[in-house]
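Labels run A, B, C and D following the written order; every chain starts at residue 1.
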Amino acid sequence: MARDPARVETFSDGIFAVVLTVMAVELLQYGPARVGGRELPEALVDAWPAYLAYVITFAIAGQVWLGHHNIWRYVVRVDQMLLVFNLLLLLFVAAIPFTADLLADNLRGSAAEQRLTAALYLGTVLGEAVCFNLIWWCARRHRLLHPDLDPQLTRAIARRLLLRPLLYLVAFAFVFVHPVLSLFLYLVLVVLYLIRGPGTLPSAATTAEDRSAA
Amino acid sequence: MARDPARVETFSDGIFAVVLTVMAVELLQYGPARVGGRELPEALVDAWPAYLAYVITFAIAGQVWLGHHNIWRYVVRVDQMLLVFNLLLLLFVAAIPFTADLLADNLRGSAAEQRLTAALYLGTVLGEAVCFNLIWWCARRHRLLHPDLDPQLTRAIARRLLLRPLLYLVAFAFVFVHPVLSLFLYLVLVVLYLIRGPGTLPSAATTAEDRSAA
Amino acid sequence: MARDPARVETFSDGIFAVVLTVMAVELLQYGPARVGGRELPEALVDAWPAYLAYVITFAIAGQVWLGHHNIWRYVVRVDQMLLVFNLLLLLFVAAIPFTADLLADNLRGSAAEQRLTAALYLGTVLGEAVCFNLIWWCARRHRLLHPDLDPQLTRAIARRLLLRPLLYLVAFAFVFVHPVLSLFLYLVLVVLYLIRGPGTLPSAATTAEDRSAA
Amino acid sequence: MARDPARVETFSDGIFAVVLTVMAVELLQYGPARVGGRELPEALVDAWPAYLAYVITFAIAGQVWLGHHNIWRYVVRVDQMLLVFNLLLLLFVAAIPFTADLLADNLRGSAAEQRLTAALYLGTVLGEAVCFNLIWWCARRHRLLHPDLDPQLTRAIARRLLLRPLLYLVAFAFVFVHPVLSLFLYLVLVVLYLIRGPGTLPSAATTAEDRSAA
């Protein structure tokens, strides 16, 4: 009667799916029927922060989904604490559209507004990185991982997951220097991760290793 | 051709996922583009009932999901009546964002408004607790549970599930004393459940037992 | 490499889940923050058509989901035509919230408005019943059903599925007598189905038979 | 510990489900409660672009889902690059409701507006067709397909997938002649595909072959 974590993944994927499409729903308000007397091309061009928020949300939530996919494929059992940590992660995931929307809108705002929204945004991302660490820590400690998983690999993943919030904290600190620089640093980290970077980022390299071995 | 209840779980998880992200969609209306002439930090701070509703919805729907997860992993077959009870549960689940939104908004309203919204909210939660009992009763009576499930465990779960609406009724009664006290009592019950409380709450202890046995 | 129809069910369930929660999102606009200067209890009571639309949507979409669940558990393979018929069914399912909303709102409208919205509503439901017949016809003709399925049972399901749109057509015809009578007839049919009626309705009896046999 | 691509499908299906129902949510704003002083039948008739956008979105997203279903059933493993290409496809899928809404609304606009929205729409569809090619190319090159898959079939699918964006480009070019003609050409391609056309369109014929062989 032990349940494999498939249901946790289905449930989490439902939330990721809604988060990824929420911004597309938001885009609908820029349809011509609601534009009034203005010219359509001008109205569409003026809505650029909405498109940017859409792409940012997709990039970030997509990346978190990849990380979730990479970690959960090693989990073979679940307990109450792991589920609570996973819910906490999803709480931060569901907040991505809100913070991405604020962020994109304020790129044309004042420096103080840019700083506030960049801080909110990086705070959300930092919260996700912390939750990933809690999930992995709990899965290791409560022996919920696949028994054949190489302990060395387990530790390597833990180290890489730990590195991530530290890198985000550095990017976060640059908010006080310049908000756009801070976001730029963060986007560099995301792109490095998506194109399977120099190995300092979690799970990408791991996945490659264990799949070539399989 | 007997179908395992996996599809019921997928379907229910889809509803839970939408419910958990509905409030995040609501948050989007507080984005700066819609704020008008006001200062952004002030506008964001003023929107605190929306954040509160978001967190409350997440905590409650997340907890109901955990309970659903715990009960359904023992169910190996489904029949029409069980599916109808499950749909009834989901009807109450889908109403959580509405009542949580009313509740959070009215914490700064009059005492009469607070009483009304707290009553609506606890009524929804009570309805869920009753549906859980109906599901478990139906699953036992129609022999839809796993055949190897210990009858003693089955009865223990039934007792614990029965305790829950009774505790909620007590919390509900305090609405007539003071609405915020009533909600506070309710939140204590939720937190006790989430951190695997003193064993008086359903399924947490059960899960621990049967997993250490597995 | 033949794929079982699990993915079709997951996909359909996602749509059912969104449809069931759409009305809950609509309810949010009746939250007190948007009510303005009116009293909260009065505003909530005045919103009754929204609650009714919510419950109607849940009852109908829930019932269609039950029917979908009952039919698809006999399907073991899929082909292009079956998938297209299933998409057509989902097109009608996704329209339920719109027609239910129109319907509930117009119960306090003029007789002509009631007739129009009842006709739209029953038209949607009729479309669903027709799609169910197309799906079953296609699954039988293209040999996509479980090979051990009793041909007599297959024919019985086909007969019952055929009966349904006929009954709906009768209910539909009463729109020209009185719209509310027409809806009442329809609701009687739904309730009969949900409580496992006198055997004239599809799949309920079938399911019972084949489960007691299993 | 190798994970089959089931989770990728569940996740993608969640996004397809939301995309398919987004337009139904949009329809709700045409409910009579929001119509004001106008007559209901007139208001409903005037909302025809919304219905058209709903049906277009359903047809296109449904067709993309069919293509996704057809390709992914041959994939037995996933890697980072395949997941990123799949996310890119989903980025275009989630944009369908926005472009379909713009398109339907502008069918009564000026020729310049029609050209702009038709171009946006066909651009989205073209992006999807390119992503399908990237997914198939990556799956072949990284040996993620089922090992028993006939290499001849693999190449045939690749050729057909390549044909599709070319046909869309031709339809796209006609935007500069007449936007409605361009869309008409595109719709002919879609219908040909849905009714399992003359074999020049991807996966329909393939699916038939490999299923009769199975």
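To be clear about the criterion, a contact is a pair of C-beta atoms (placed from the backbone, for glycine too) under 8 Å apart; a residue touches a chain by one contact, two chains touch by 3 or more.
What you are looking at is a predicted structure, and each value in this text was computed from that prediction instead of being measured.
Comparing the centres of all chains, each the average of its CA atoms, the largest separation from subunit D belongs to B. In this structure subunit B contacts its sequence twin subunit C using mostly different residue numbers, the overlap staying below half.
Note that among the pairs B-D, C-D or A-C, C-D reproduces the A-D interface, with over half of its contact pairs the same by residue number. Each chain gets one centre point, the mean of its Cα atoms, and the points for subunit A and subunit C are 37 Å apart. Measuring from the averaged C-alpha position of subunit A to that of subunit B gives a distance of 26 Å. Along subunit A, residues 10, 13-14, 17-18, 25 each make contact with two or more other chains. Chain contact topology: the protein chains form a complete graph, every chain touching every other one.
Here subunit A touches subunit D in the complex through residues 9-10, 13-14, 16-18, 20-21, 23-25, 27-28, 30-33, 40-41, 44, 54-55, 58, 62, 65-66, 69, 73-74, 146, 148-149, 194, 196, 204, 207-208, 210-211, 214, going by the rule given at the top. On the subunit A side of its complex with subunit B, the touching residues are 1-3, 7-8, 10-11, 13-15, 17-19, 22, 25-26, 49, 77, 79-81, 83-84, 87, 90-91, 94-95, 97-98, 101-102, 105-106, 109, 113, 116-117.
Residues 10, 14, 17 of subunit B are the ones that touch subunit D when the two sit in their complex.
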